[in-house]
Structures are given as C-alpha cells and as structure tokens.
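The data blocks that follow each hold one structure.
Shared between the two complexes below is chain A, which has chain B as its partner in the first and chain C in the second.
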Partner chain A sequence: MIHLIVVKRIKPIPFSGFLIPLISLITGLLLSGIILYLSSGISFIDLMATILTAFRSPTVVKDTLILTLVGISLVLAFTGAVWNIGSEGQIHMGMMVSAWTALFSALADIPILAKIVGILLAAILGAFWAFIAGVLRAYAKVDEVPVTLMLNYIAYYILDMLVYGPWRGKRTWGYIRTDEIPKILRFQRILNTTATWEALILVIITGILVWLLLRYTTIGLRIRVLGSNPDILRSAGISVPLTIVMALTLSGLISGIVGSVYFFGDTYRLSYPLEEHTANYGYLGILVAWLSMLDIRAVPVAAYIVSSLRISGTLMQIGGLGGVETMFVFIGSVLLTYSIVRIFSEYSVKIRF
Partner chain B sequence: MIDMILEIAPVFITYYLVALGHGFFEKSGVLNLAIDGLFIVAASVAFVGAVYTLNPWVGVLSAAVITALFGVFLAYVTTKFPVSHGAVGLSLMFLGYGIGLIFGIPANFYANSQRIKSADYTFRITPDVEVMMFIIPIIIGFLLLYILNYTKLGASIRAAGENPHAAAALGVDVLRTRLIAGAIGYALIGVGGAFFTLAWRSGWDPKIYLLGYGWLAFAISLSAGRHPLVTAINAGIFATLVKYQYLIQTTTGISTEVAKMLPFIAAIIAMVIFNVTPLRRILAPPASLGKIYYKEEKTV
Partner chain C sequence: MTEATAKPTNIFSSPPSPSGIQEKIVEVRNITKRFPGVTALDNVSIDIRKGEVLALLGENGAGKSTLVKILYGIYTPDGGEIIVEGRKVSINDPKDAIGLGIVMVSQSPQLIDSLSVSENIIIGLKRYHVISPVSRVEEYVKKISEEVGIKIDPRVKVWHLSYTQKQLVEILRAILLGARVLLLDEAITYLPLEEKKKFYKFIRRFADQGGSVVLITHKIYEAMDVADRITVLRKGRVVGTVEKASTTIDEIRKMMFGERAKEISYERLPLSTPEEKYVLSIKDLWVRGDFGEFIVRGVNINVKAGEVVGIAGVAGNGQRELIQAIIGLRKVERGKIIFLDKDVTNKGTKHLRKLGVGYIPDIPVKYGVSLDNTIMENLAILPTFANFYIDWGKIKDLAKKLIDEYKIMTPSPATPVKLLSGGNIMKVLVSRELTVARNLLVAYNPTRALDEATAIKVRKIIKEKAMRDKVAVLFASEDLDEVMQLSDRILVINSGKIVGEFTAEEAERGKIEKLMVM
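Entry: the complex of A and B
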C-alpha cells in the first residue's frame, strides 16, 4: 500500500512566488490537453500551437489590459481572504450605468464629461453591488462566495430586462440590443490594436493606487491582517466586519470601472441576453489574481497569460459556443493544479511503501 | 390543483436530491463549492448515457458514478492535503462547466443527426411517476437522516465535520469517512442532475451552464441547516418558485427577467434568514466546515 505523507517544511522553498505559478500553469495545461484529447481528439501539439498563436494575437493587448484591471480588483479582495467571485456581476453593473450615461443622459453631448461620469458611476455601482455581499458577509455571516455568485445572475437579468425593454435600440437590424454609442464617445484605440489609451491609463493609475493602498496605508494593513489573522484585528479593537465590507466594496469599485472600460472601449452596446454575450472577464480574473500569487506587480504578466488562454479557447472552439467550453477547461485545470501545487512551498509530500 | 402540485415533481426531485447530497457531504466538513459545475457534469453525462443507449436509467447511473468519482476526488484532496477547500471547489466548478459542455455538445450533434427525439431517451412522465418522484426522494431523505443519527458511519461523518482532530484521536478514520460521504453525496447530486435533463427539461441544451441551478441547491441546503427533512421543505418551496415563475410572471405582469431573478433573490434572503434567526443555532453548520485538516503527526 502506498502512503502519501505530508510534512511541513522548515523553510518555504526559494523562488516559490515564481516557480509555483509556472509549475501550475504547465501541469494545468497538460491536464487540459489530456481532457481535450480524450473528449475531442485535439492533439497536444495543436493545442500548444494555438496557444502560441494566441500569445501574438491582435486582441491580446486589449484582453490583457482589461484582465489586469480585474486582477487588481480581485487581488485587493483576496488579500483580505474575502472571496469576491462576483466581479462578473460588478462589471455588468458598471456597463449598465456607462451605457445609460452614453445613450440616455444629457451628458452624451459633452463627450469628455460623459466618459468621466460614465467611469465614476460605473465605479460607484460596482462598489454598491459588492457592498451588498460585503454587508451580508460581515453582519449576517452569509458566505460571500454564493452571494457574490448569485448577484452575478441577478446583474445579468437586470441588464437583460433593460435591453429587452426600455433600452432596446432603433438601429439594430432586428437584434435585441441597444443602439451603438456614437464614435466620439468611444475610448481612443492605441495604434492599430483593439486596446484603448483610457484603459491603459486606468490600469496604471489603479495599479499604483492599490499597490500603495495595500503597502502603505492603514486600510491596506487592515485588509492584509484580515487575510492572515482576523483575531489580531479583533484584539486590536478594529472592526472585522467593517474591514470585510471595505475590502469587498473597494474590489467592487475597481470591477465596476472594468465595466466602463469594456463598454466604452470594446462592446459600444449591450446585447440581449447579456449572459450569452459576456467575455467572462469576471471569472477569468480569479485565475489572474491567483496566478499572480496576490502580487500586484505580477498581475499584468498573469493577465497576459490568461488572455492568451482565453483567445486560444475561442480559436479552437468545439461546439459553436464561442470557445467558452475550452476556456472553462483551461480555467478549471490551471486553478485546480495551482490550488494543490501551492502547498508545496510550505509542505513536502513523501511517498512511503 | 393536484395536477399543479404533481407537475412540480421533476423539479422537486432534482433540487431535493442535489441539495440532499450536498448537505450530506458538507456534514463531513468539506466545503462544497464545486456543486454548480458538477451539477452540469451530471446533467450532461446523464444526457450522453441516455442518448447513446436510449435508456434513461443508463443516464442516471452514469451520472451517479461519474459525479461520485469527482466527489471522492474532492474529499481526498481536501482531507489529505492542507489545501483551501474553496479554491479546489471553485476550480472543479469551472472544470465541471467545461467538461459538461465538451461531453454534451457532441452527443447533442449525434442526437440531432440521428433524429433522436427527446421522448426516446427521457423518462415518460405520468401522474404515477410524478407521485413516485415525490415519495422516493423523501424516503432517501429519511434514510440519510437515519444514517446520520443512528449509525456508526453517521456518527463518524458528524464527528469529522465538527472536529476532525478529535474524531481522529477517538479512532475515526477521517479520510475514509469523508471519501464515503463524498461518494454518497455526489452520487445523489449526480442522480438529481440526471433528473434535470431526463425528467424536468426532457433534453439537453448547451446553455444550461448559465442557469446557476446548482447554486440554488446550495442555498436550499444551507438555509435548511443541511437537515435532510428540512431540506425537503425548502426544495419544495424553490421547486414551486422555479416551476411557476412563468405563471407568477403572467399573473402579476412582471417581466421574464424579474421572474428569472426571483429564485436567486429568494435564495439570498433564505440564507440571510437562516443566519440571523435562531435557526442557525438549532441547525448549526458543522464547526469545521471548510477548515484545513492537517495533522502534524503525519511527520514520520
């Protein structure tokens, strides 16, 4: 009989911050390769070739910027051990107010103001959407994972309701969607990519601010302590519930901004049903945050890798679902190997017969 | 009126069995966030099994076996290694969406190309069958209640959920107990998921991964304190809400989207009610639910 014995290491292995994501990525892709080969006969060589093509794909810059922003949002929450799985919903609430500002408010005539107000409102609504889950977690002790997830479905249906009803456009060739926003309201593209300057600026500003927040401010310290040992917060007389609400709300605020970046810079309209048109950035961001080992500086690298995986998923779609099935296999297998492999930095596993 | 109640049966059996299996597994201390993804695996595997053999029972059996294997894997990894239950569970959720779709899509093509109609591979629903779909799950509920409260296995499961270290010190094999709980729990989730495709929906659709019904089962079980019989009441309420959301919609004049939203709002409210009322004290969740189980004695 083979026995696996888990032993704690005296010291964590060196370079674990770099080695663990790398090993997880390789093993996760191998696992994906096996699953895709067994189920659809896609060879591993083809899979690798598609991923390599995706690394140089024209849309990878846009996805990387958006996923960096989602990654930053989730690193903030995950650092406090608050599992915000609702970024998807917060992004959609952000998209909703951005669409309102651009299509229905009086601000649409003053483009620069419309964009700024669109981003600000998106941030507020994203924050509010996460705040709901934060309050329920902090004060009613309802686990935030199911709540944030269910709020994603509710967000989809709210947008569906608006797009199907009052927001349905006039120039849509029979599709159920809103009108496109005028060209003047769209974010400016960087050279000949699909990424936008505004997205780049927002990523840089948010990245620096969140890094400073977590490293040098009291709020950041509280969030970090919340993630490592909430009892210390409690004994220092700092409100644990309030810190939880803060971590989730700030995370939602950034996810809300992602919604405005995605709307003003990429979709330009909302299409019914939203749940079928989503790029799943909210879920992909979870992979980004974990692969970055919760280090803001590593988020762009993780975002680049995950963007390529997403794009290769769409390149090798199996059944007309836009590659969503392959994408889920990638997310699932890389996250799974990561969740297991990460223990090796602090533990070793010995085999005894 | 009786007709209307009977029509809820396929929805009830789906929700009740999934929530029952989930609650039984969580009683052993493993936080099960994989539920929604593996629900999709169950629904898809059941469809594959039934379509290729034209026998719904093969579908039910294959779903039960495959999801039980996932359950055993989840129980093994979270008990043997000091890993986060949440992270492993969520990973399996995503993997479950992917695997479910990858297996379901070719079978769907096959069914369409062979002109297989849903009546060829799903359960024929008659009033007698509907009555059985109420009675059999409730018998299973009583059986699980008996196992949990009056058998050695049940005592081990509860002990592993409350305090695995103390349980191990008293001679309970925590790993074995959780593996059994995972297998039984996930087999039930598999059967529930199978009834979703083969009785409730009478067919498979690639968009099922968007429904989030596994999360509703999660909320049903949580807000019933994982008690097998209270879960039946909750499952009944949610089954009615989901089954008649369109009726609610037409009678009250609300839009389809609000009707689709209602079960999720109700689920959040149900979890809040459970947590802020004495219910949480009476039907307390396992004290070590989701906590990493690591024994220092493993150092040899």
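Entry: the complex of A and C
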C-alpha cells in the first residue's frame, strides 16, 4: 500500500517567491494545452503561437495597467487576510459614478474637472461598497467572502436598472445602453496602444502610495499583522474591527478607481446587461494578486502575464480555435497548479511503499 | 495496543518493578543535528528504559525539543543512530515513530474544534491505520477521565474543553495509538498546578504498567515530582543523567545552568520604597468570565508608584479576567478603575497604553508577539513607538538597544520572532513592555514560559524597573514562588475575591496556600 506523508516545512524553499509563480505558469500552460487538444483538437503549436502573439499584442498594455491596479487593490486586502472577492462590484460602482459625472452632471462641460471628479467619486463609491462588507465582517462577524461576492451582483443589477431605465441613451440604435461619452472626456491613449496615460499615472501613483503605506505607516503594519496575529493587535491597544474595515475600504477605494479608468479609457458607456459585458477584471485580479505572491513590486509582472493569457483566449476565439472558454481553461489551470505548488512549498510530501 | 488493563495496582504509591526497569527500549546514539548557524544537538546519547519516567531537562534552547522531534520523525538527524529494542531503526516521519510505539504529545493541542472528543481520537487513529470502534473509545475516555479526575464527556465538541481537558485527550489518543514510549514535549508544563498533579499520577501508572514516558520540561520541580531519572541537556549536549532518588535540586541546577546556577535563588528580591501617591486604584470591580458569569466579584486594590503587588491564586479564580479588565481587554460591569487620578474604566486598551501602561500577557506567543513579524515590527506595532509614519531608523535603534540591554540572542533586529528561542521571544516581549510602562506594568504569569535562570532574571529586571523608575507593578501568577519573590505586597484571590493581604515581611507560604484553596 502506498502512503503519503505530509510534513510542514521548517524553512521555505529557496527562491520560492520566484519559482512558485513560474512553475505554476509553465505547468498550467502545459495542462491547458493538453485539455484543449483533447477537447477541441487545437494543436499545442497553434496554442503557443497564439500566446506568443498575445504577449506582443498592443492591447495587452491596457489590460496590464488595469489588472495591475486591481492586483494592488487585492494585495492590500489579502495581506491582512481579508478576502475581498468583491473587486468586481467595487469596479462597477466606480463605473457607475464615472458615467454619471460624464453623462449627467454639469461638470461634463469642464473636461479636466469631470475626469478628476469622476475618478474621485469612483474611489469613494468603490470604498463605500467594500466598507459595507468590512463593517459586516468586523462588527457582525459575517464572513466577507460571500458578502463581497454577493455585493458584486447587487452592483451589476443597480447598473442594469439604471441603464435599462433612466440612463438609456438616445443614440443607441436599439441597443439597451447609455450614450457614449464625448471624445473630449475620454482618457488619452498612449501611442498606438489602447492604454491611456491617465491609467499609467494612476497605476504609478497608487502603486507607490500602497507600497509606502504597507512599509512605512502604522496602518500598513497593522494590516500586515492582522494577517499574521490579530490577538497582538488587541494587546497593543489597536482596534481589530477598525483595521479590518480599513483594509477592505482601502482595497475597495483602489478597485473603485479601476472602474473610472475602465469607463473613461475603454468602454465609454455602459451596456445592458452589465454582467454579460464585464471584462471580469475583478476576478482576474485575484489571480494577479496570488501570482504576485502578495508582493506589490511583482504585481505588474503578474498582471502582464494574466493579461496576455486573457488576450490569447480572445485571439483564439477570433481565429476560430475555440470559444472564450479557452481563456478560462488557462486561468483555471494556472490557479490550480499554483495552489498545488503552494502546498508543496509549505509542506514536504513523502511517498512510502 | 497498550490497553490499560485492569491491573489492581494502587496508582498512588508506586514501587518500580525491579525486573523491568533496566531493560532499554530506546537508545539514542551520538545524534547530531545542525540548523543553519547553530548546532542544536552535538553528539547526544540517551537511554529510555522500559517502565520508567525519564525527564529531559534543560533551559530554553538547550535542544530538548529538537531531540524529541528527531525521535518522532519530524526532524532527521545529521548523524548518529536510534536503536529500538536492540534493532537499529530509521525514523523519517511520525508514522515510522508510531509504528515503533513512540508517540509525541506537544504543548499545543492538535484537535479539531468542531468535532467531538471521540471523533477526534478516531480520526487520529485512522490516520495511522489503527481502527477502534466508537463505543470502545467512548468507554475508554470516560473510564480514564474518571480515574484521573478530569471529567470529559467523549461526545462533547472539542471547543467546549479547557486546555487541561484537551491535553488529556491528546495523551489518551497517544495511548490508544499504541504508545509504549510517550514523549511529552512540555505537554503538561502549562497546566494549573492542581491539575498537573492529577496528570502525574496518571503518568506514573502508565509507567508502572510497563510504558515509558519521556517528560520534556524546563521546570526542575516538574522533573523532580514525577521522574525516575533525569537527563540534563545544555547547549545541545548531554550534561549527565541522574537518578531522582539520589540527587538534589541544587545539583540539577548546576547541571542545567553551569555557572549561572549561582544566580538562582528564590530569596525575596529587595523591597522597594513606594511613593505615597497611588498610581492605580481599583474600586469594587466586577467582571464577567467567558461564559457570562461574574468571575471577578468586587475586587479592591491600590498600587502605589514604585510598589510591586502580586496576586497569588489557583488558576481560574478570576485573576486572568481581572488583569484583562485593568488593561481594557475585558468589559468592567461594575466598579471603577482609577489610573493617575483619572477614571479609565472601560476607556479601552489604546488609551491606557498611551498613558504608559505596559502589559505582559499569559501565552506570550499568542497575545504578546506576532511570530511571523520581525523584532522591529513587533516594536512598531505599539502606538507608543509609532503613530502614523514609522521611523524605521528610530525603531531599529530601539531594537538594538533592547537586544543589547536584555541580551536577546538574535541574528539581527529584522529577524522574524518565530526564529528565536522561547526565552528570547519572551525577552522581546518583556523588554518592549517595560519600555512602554512609564507608570504601570500589569502582568499575568510573566515568566511561565521561561527556564529558572531566565525567569529569575526577568523578575529582577521588573523589580529594578519598579524601584528605579517608580513604576507601579500589579501582576498575578499561579506560581507562588514567583509571587513571594517579586512582591512588596501579596494579595490572595479566591473565587473572584481578594481573601487575604500580606506585606512581604509577614507573608507566610502556608497561610497563603491555605487561603488559595479555601
């Protein structure tokens, strides 16, 4: 009989911060290659060619910037062991107020102000959306995973209601959606990519601020300690509930900003039903955060990889090599391998006969 | 399976069976184990005999835990061999050890809270392919728990159990696994004294029936109370093995601490001369316990600047909750806490910390430090040292100063606390709290995790702080020696009330003990 013996490692494997994501990616790709070949006969060479194209695609820059921002948002929450699965909803609340600012507020006449206010309001709404889950978790002890997840749907449906009803546009050729925002309000594209300067600036500023927050402020240290031992926070005289709310709210704030970046820089309008038009950045961001091993500095790299995989999925769909599901096969495979490799990095497993 | 057969022996007196006692069950030969930077075990050899209780004694960081972890297959040695019943064996994981009848119980229970006692035991057995019917397990738990005098309902969910009950379940599981050699790695060190004594009897009986027990501890009294032989480790080497019957505490101290043994003395520390002003006044305090009942019932205490007040009492008489209420971690239901002439009742921990109150909690690795974080981070987490921006340069200087002053053994101030030995972790905590304590230090079992020499050193540090900086100290301890040694004034707590008060000069051990259990 074969026995598996699992023992916790005393010391982490050297270079694990770098090796774990790498191994997961390679294994995940091989795995999805096999699955795709078996399910729809896509050859591995076609698959690799598509992926390589995706890595050099001009659209990858836009996704990378957006996913970096989502990744930063989630790294912040995950560091405190607060599981924000609701980035998707926070992004949509951000999109909602950005749309309002651009389409319905008086600010639309002053483009620069409209953009700034749009970003700020998006941050506030995103923060508020996460704050709800934070308060429930901290003071009513309701697990934040289902709450943040369910709030995603509430956000979709609020937007659906608005787009279907009062916000429905006049020049939509029968589609149920809002009008597009005027060109002058759109974020400025970088060269011939679909990415925008505003997104780049926001990523840089947010990245630096969050890194500084985690390193050099008591709030950051408290969030980090929250993830390792909340009891000591109590002994030190620091409110644990407040720290939880803080971690979730700050995370939501950044996700909210993503909503404005996505709206002003990419969609320019909201389309009904929202849940079918979403790019799923909020969920992809979870993959980015884990691939970065919760290190802010690694988030852009992880975001670039995930973006490329996402785009290769789209490319395959266009090339008739499979549906959009191929992308989910990739992502699922990578995340699965990642979880397994993480276990091996923390536990040693011996096989015995 | 070593089923506890109904042998009609009197478990209270125990003549060692002369025939079996010389027979070796386990021989450890020249074991060496190195970790990066340290040699944890250097050529260590010990024998474990059938039917004996062997104490493995040593100060914090002597290598005791490493040795038992090797015997249990958690670590593999770099050199040496293990012989079980004359046969050379290799133990690569706990399963190998269990197959040989060697089972370890550690200080932290490894039970699943949401399962019942018997379910936990059965899962533990199944993992190692020992199958036992539920009814048999339940019966066994019931029988033994009655014999030991610690009641456990085998059907109750584990989260209902106290620490003592959990540890008994762990030991029962080990025995059901077929343990012939029971490794108790500080497994009973942290139990309240009264309950510890019940375990002693149980261990004794297990040995009398032919089992072997290795008791790993840093408390000499624990070894003297229950062991037949005592092997002393120091800095990864065996200093020697002595028969309990033919040794003295002084001799063992010398073996454990070498030159430092001279520093060990339970003489009362010099009395301080408190100032007239009261730093802390507690008036008719009522506090609820974890189950909603009043556990502190109308306590009045006054502590002057520079005075050290110790609260003696058997565990579970409200001292833990009293200390928690003072530091703001537990709600005061009735009564008042006056600190420096201001009412601070239910004002919260942060408020008190900022006013200069230090706090040394029970179970330091849970409530005192964050193991995954560095020494520096464990300092910066206190509002006293950083308010919003963390000046790491300043924190580093402070860490270096404390490392220097308290002789904390660490590679650097940026080392994660979990890589330090138990004694050094405690020093990180104590040094930090004494820095915070400008006016008052409250503590609960402040030296429980420490070996004698380090414990006495910590007491001296606390006393000096009180005398030099006129800091008021209020602490509770289950260790009466500690209360007697450190206090200027002694209070006795029983059932949530202060039932006696003595100045250090008039305190008599017998009288205090009587009040404690009254």
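The rule is short, and it goes like this: the second predicted complex is superposed on the first by the 345 of 353 C-alpha atoms of A that agree within 3 Å, B and C clash if a C-alpha of one lies under 4 Å from a C-alpha of the other, contacts with A are read in each partner's own complex, and residues count from 1 in each chain.
We adopt the following convention: contacts are C-beta pairs under 8 Å (C-beta built on N, C-alpha and C of every residue); 3 or more make two chains touch, one makes a residue touch a chain.
Everything numeric in this text was worked out from a predicted model, so none of it was measured.
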Practice problem: Based on the superposed arrangement around chain A, label chain B with chain C as either clash or fit. | Solution: clash
Practice problem: Using the touch definition from the top, say if A:N192 reaches chain B (first), chain C (second), both or neither. | Solution: neither
Self-check item: Greater chain A contact set [chain C / chain B]
Solution: B
Self-check item: Which superposed partner A:L233 touches (first chain B, second chain C, both, neither)
Solution: second
Exercise. Quick one: classify A:G165 as touching chain B (first), chain C (second), both or neither.
Key: first
Quiz item: With the two structures laid over each other on chain A, which partner does A:I286 touch: chain B (first), chain C (second), both, or neither?
Solution: first
Practice problem: Can you tell which stretch of chain C bumps into chain B once we superpose, 22-30, 112-120, 184-192 or 346-354? | Solution: 112-120
Exercise. Share the list of chain A residues that count as touching for chain B in one structure and for chain C in the other.
Key: 5, 7, 350, 352
Exercise. Show which residues of chain A lie in contact with chain B when the two form their complex.
Key: 4-8, 35-36, 39-40, 83, 85, 136, 140-143, 145-147, 149-151, 153-154, 157-158, 160-161, 164-165, 275-276, 283, 286, 290, 318-321, 324-333, 335-336, 338-340, 342-343, 347, 349-350, 352
Practice problem: Give every residue of chain B touching chain A within the complex, in rising order. | Solution: 33, 36-37, 77, 80-84, 86-88, 90-99, 101-103, 105-106, 108-109, 206-207, 209-210, 212, 215, 218-219, 222, 255-258, 260-261, 264-265, 267-268, 271-272, 275-276, 294, 296, 298-300
Quiz item: Where on chain A is chain C touching in the complex?
Solution: 3, 5, 7, 10-11, 215-219, 221-222, 224-225, 228-229, 231-239, 350, 352
Quiz prompt | Residues on chain C engaged by chain A in the complex (per definition of touch) | solution = 36, 74-75, 92-95, 327-329, 348-354, 359, 361, 366-373, 377-378, 380-383, 386-390, 392
